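Here the chain labels run A, B, C, D, E and F in written order, and each chain numbers its own residues starting at 1.
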């Protein structure tokens, strides 16, 4: 929860100058309400900042009304509590900034997941995340029903076009990596053409990323792979074209937009 | 640049396992290209990560082709260089994640700024920023032509409805804050009705935030304020309604969406 | 309380080598006693270091006998408790170093505040604080009855002579800053002559710092300002001349000495 | 230099809002001038903050005119340079805060050192330092001609009255410590009476702290010690009584005031 | 290199008290010499601490005479240079502590690697590393010719007996993990009997850890696996039995001792 | 316990991918069992990581069955508890890595201590510790019955051959250090010949390190010292020769191997 503490500190600066408007011991009953429909995500931040007060008054409380991953509707109260007013108003913006962003990510992910329901494919995220927020965003993707791709450069091999060029070819790149990395890791390689897919299969790739391929090419890739490698479609995926991509028979569809361009889901915090 | 270092580290994890595909001393000539029109922002991160190599080879370089705030078009090369390939591919994603997000913020800000051009109003941001990225996002807002509101709770007084309720009224809240805060700070207070604006003016508010008011109410607020206070419209601002709000005569219009919901502006990095 | 933890760690080094003189489970009843008259400040540090032991024995306690801001006399017991002796003696010096310094600041501040009682002026601090201790010292100033000036360069505009020289003049400096900073900040500018005060007023300065002016100049400045700007006297303020300055009619008098040259107020910790 | 970076950051907050008064590329020739006589200390901080700019313009420079420990007079220019004006004015306060405080400590130390010149005694500091500044203050003490006592609880044994009480006696305390600590450390013990000094000598103390003794008692302690232990006088030492204490024949006189109550030595930074 | 900085700081404490024996500007020509045969590892630490002095004198230098992974003999000079004597003697112990330990790890690893030369098996490390030193130790293992197993719990799945018990069986554990983890990771599972190996193969395990099996069991496991899974032998591996294990036909042999029990390889640093 | 937290984090990486095998709320009864005879050390780490769960279920517990310094035998259960299975398996490796290493250090130390029982000498450690683990290793040495030498360069003077060379001689080195260091520190100096010992005694050394001397030389050193200085033998000490060294009459014998080359003492954690 270091990222949460940093965000709180970023918002607090050298101290809240408006706090003087509120008596030091004033307490408030409050609730957090959704202002649009979607998937809720980030309630743990609310609990972390509003529910763990040291030496808390026994009257104080913080309570979940929904849990992360739940579908919610505008008007739903997702969290409520009773708390010191100064501390509440100092934590408010940080709580809402997490909740609105993470729920935005979960909600957009769910739309992609729903769009391919019934196919064999699964939605997965990418490393196109917002700086500092990767672990939170990837959690939100799971809450939206998506799968996680690698967390960082260290827990998955993905040989891209630039690697292949430097290595001197697909087979060379795969061999060079296999000779060094842990035997617990699969080797994924990016292919832009069906001919490259064929070469990657011969070189023993475990996973093949099909980069910006047409639906026809995707189908051809599926057809020549015959299950010998896991297939992941990537590039230019939208809510409009994702089902057609899924129906081409790939195993995974990775979508950058769910983490780099998810609009916020609005919530507000109100004192009763 | 700590946030940049953290983002790099977040992406690197315990080490890039795909690096073995590339010979350790391999170098590459590369460029970063825009894939859509907009305002560029975040090139300093590229320079920070790709241009400051300790003990660098004299052949290596990193060069800006545009500067932050410049309008760019799809196909424009915004940055180019020559660098160790392993290090380049390890920094690539972090560089692009900043560039795409910050350019997205600057680009959306510019759309709001353009929409009110010719009026007396100015676009300003809010504290509805993404956790950990406030300073970067606020810089992007300036690159897009917007103004910055306070950076944190410590550099601006903004008395909101929840403060007023706890203080016992508008005049009480203003008096309580004025008795304590530095004489270098103005006092801004949120009003939801024109009657409240009147009370805030009487209490000597320096700035009044007009919260979610109709165009008619905004005009009334402008009319009764007679320049005695700075007026800031806030709440529900969109590209569709922002001009009408500006024409009501307010001084500032604060827009949360430019920081919480700006879609990414796409760029890619290519090795020549 | 990070500064407190750092101070404790600075004093502990790699471990207290004298601890072996005391049996590991030995406990002591102790009290902290003032050795001079003044204003007490910093008792929270004592409580933080002596009262929050994890897994504490139910016999242990830590108790305030006074609260910060209280006037105290030599011989007053300000804090007492019962605690593990090794831990007590390891925290003792850090507790006393804070208490003696902060009480020193509060006590000197109170002397300045008392010296101008009955005038319209208020005592305020400066950025002439001891490195790393700004927040603590500014808190001590408030405990002594003073007001806080800005906490840092980010929460208050103060255009000084060197800025004016670089800007090309008073009006130019004010205009340049106003075009960029948040509308929640007032603009303060330093003037060394009454003629400059006149120019600053014309340029719309919100606050004017009257730098090292004679009593006569201060009176002239007050007279021409006619309430159009807040006036702050600064420079060479002593307990001898502060009342005369206040009686010249300024709003604030800023005093560096209360933070950079406050002598320590002595306390000692005794085991009963 | 972490403490310096923290102090700079403490002063900068979220960014200098007054910087807009100065054009971004403006440079200034400046000097730092003493405003009183004393011993200069802290010039390394000036050089650290003003002289190590990355990618500095070749015109820029930072130059010592004196070195730490030098005696200076009001009007002496101690440092000068040519630097980016915005960065200069952002570092100015931190540089001066260190310089004024550390020179204050060195200057007061020198007064004590001068007062006992010609005796066998030496002035030493204590652990009564300002939180976070111990290493800097102890360096200033050396610059003023004083000696350093232990830096922390880990590099010197000093058994005090509270330890003795818990241990059950002087001999018991010394034996308990000697059985555990490194053989590289001497054992110092605090005595309040000559009878205790006798007991400490019998128990083999290496150093004896003579706590708040009268001149007569100090002389008696010297007389019975006969060089078998190093003797340190401590408690209530002032510029008025320090020579008499020294002449009693002790080896060291420790003075808390040189670190906890040294008034600032004034300096200012001027742009030419 | 944070671990190196921390180690240096751990050794420096509040400052080197013996430095006063050496004049501040004294420089020395020095060399680091091996005192036993083995594989050298850790020279980068020497270069990091002795070769990157800011503002170094042009006479100073630091030079590798061997590179990491090289076999060396007692008496070989592996590094030499010319440096400030105080700084040299302050870095000496940290440099040697890394060099002696990492060379110890590399040397022991090489003995295991040599012992199985000619078989299909490879030596791999484990997570039985010394706290804080994992990345360094795993680098030393590679220098000794070993392969790295996963770096942490996040870059490799390894289902152990305790997981299987909690999951309710081998097939259940594998299915539960496969449903959640990234498709870039293989699934490894620990088996203690050949019957379990059979079940793991049916459940589609990618890698099977053969835990503390006899040579006979290892051969049976190899025989029933028929290349369908990668096989790793683990538990009780010594230099005496490692070849027999390798000849049983497994792919990897993991050895905890190379990181948890490698004796130091001695080196000393001498000033000429 | 920062080193423990860092080790846990080093092992956790971006999250345990195998955790999905175990239901989130599953709990286990477990014990930690010794697999060899020795001295146990490091149980506090087990308690720190397994016994301090915030908001723990009342069923959960963590219990010491032995305490650090106790002799144990293979098969002894040293710790047991009931805990959330996912958290248990995530902490397991870190707990065991500390326990195995520290018990290894304590066990080897005890062997040296036992070997010299009945002589006047004591075993002490050195600064030849594993990077980052000094405080933990030195604690383990004490648990094994050894004494600690200095913790760092700041809490003990030890003038070595390289210092003497730079200082220009033994007397010069001692005088230079004595003039500067705190009067709470003894001065230790390294001597390689009996002639040097003689010079060190004349120069008033408090402690003399006898470096790599033969038994005959050690005896001669003891004989000429006549108790005027503490004597420490160092260099090439093994379990075979340590008693003969002790019987030569030295006060301390410092042994690098107990911290740089102690083999691990095996333990495992089992779920019942």
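Everything below uses one rule, namely that a contact is a pair of C-beta atoms (placed from the backbone, for glycine too) under 8 Å apart; a residue touches a chain by one contact, two chains touch by 3 or more.
Since the model is a prediction, treat every value here as computed from it, not as a measurement.
Colleague: Return the chains common to the contact lists of chain C and chain F.
Modeller: Correct list: A, B, D, E.
Colleague: Taking all residue numbers used at the chain A/chain B interface, answer same if over half belong to both copies and different if under half do.
Modeller: Same: most residue numbers at the chain A-chain B interface appear in both copies.
Colleague: In terms of C-beta pairs in contact, which of C-E and B-E ranks higher?
Modeller: If we tally the C-beta pairs in contact for C-E and B-E, the bigger total goes to B-E.
Colleague: Round to the nearest whole Å and give the separation of the Cα centres of chain A and chain F.
Modeller: Distance between chain centres: 46 Å.
Colleague: How many angstrom between the C-alpha centroids of chain F and chain D?
Modeller: Spacing between the chain centres: roughly 34 Å.
Colleague: Where in chain D do residues touch at least two different other chains?
Modeller: Chain D, residues with two or more chain partners: 13-15, 17, 135, 151-152, 154-158, 180-182, 185.
Colleague: Treating touching as the only link between chains, describe the layout with one word: line, ring, star, complete or other.
Modeller: complete
Colleague: Across the complex, what residues on chain D touch chain E?
Modeller: These residues of chain D touch chain E: 135, 151-152, 154-155.
Colleague: State the interface residues of chain E toward chain D in the complex, per the touch definition above.
Modeller: 13-15, 17
Colleague: Name, in rising order, each residue of chain E that touches chain F in their complex.
Modeller: For chain E paired with chain F, touching residues are 3-4, 6-7, 10-18, 20-23, 26, 28, 85, 88-90, 92-94, 96-98, 100-101, 104, 127-136, 151-160, 162-167, 173-174, 176-177, 179-182, 185, 256-257, 260-261, 263-264, 270-271.
Colleague: Any idea which chain D residues touch chain F in the complex?
Modeller: Interface residues on chain D, with respect to chain F: 124, 147-151, 154-158, 180-186, 188, 206-207, 230, 232, 251-252.
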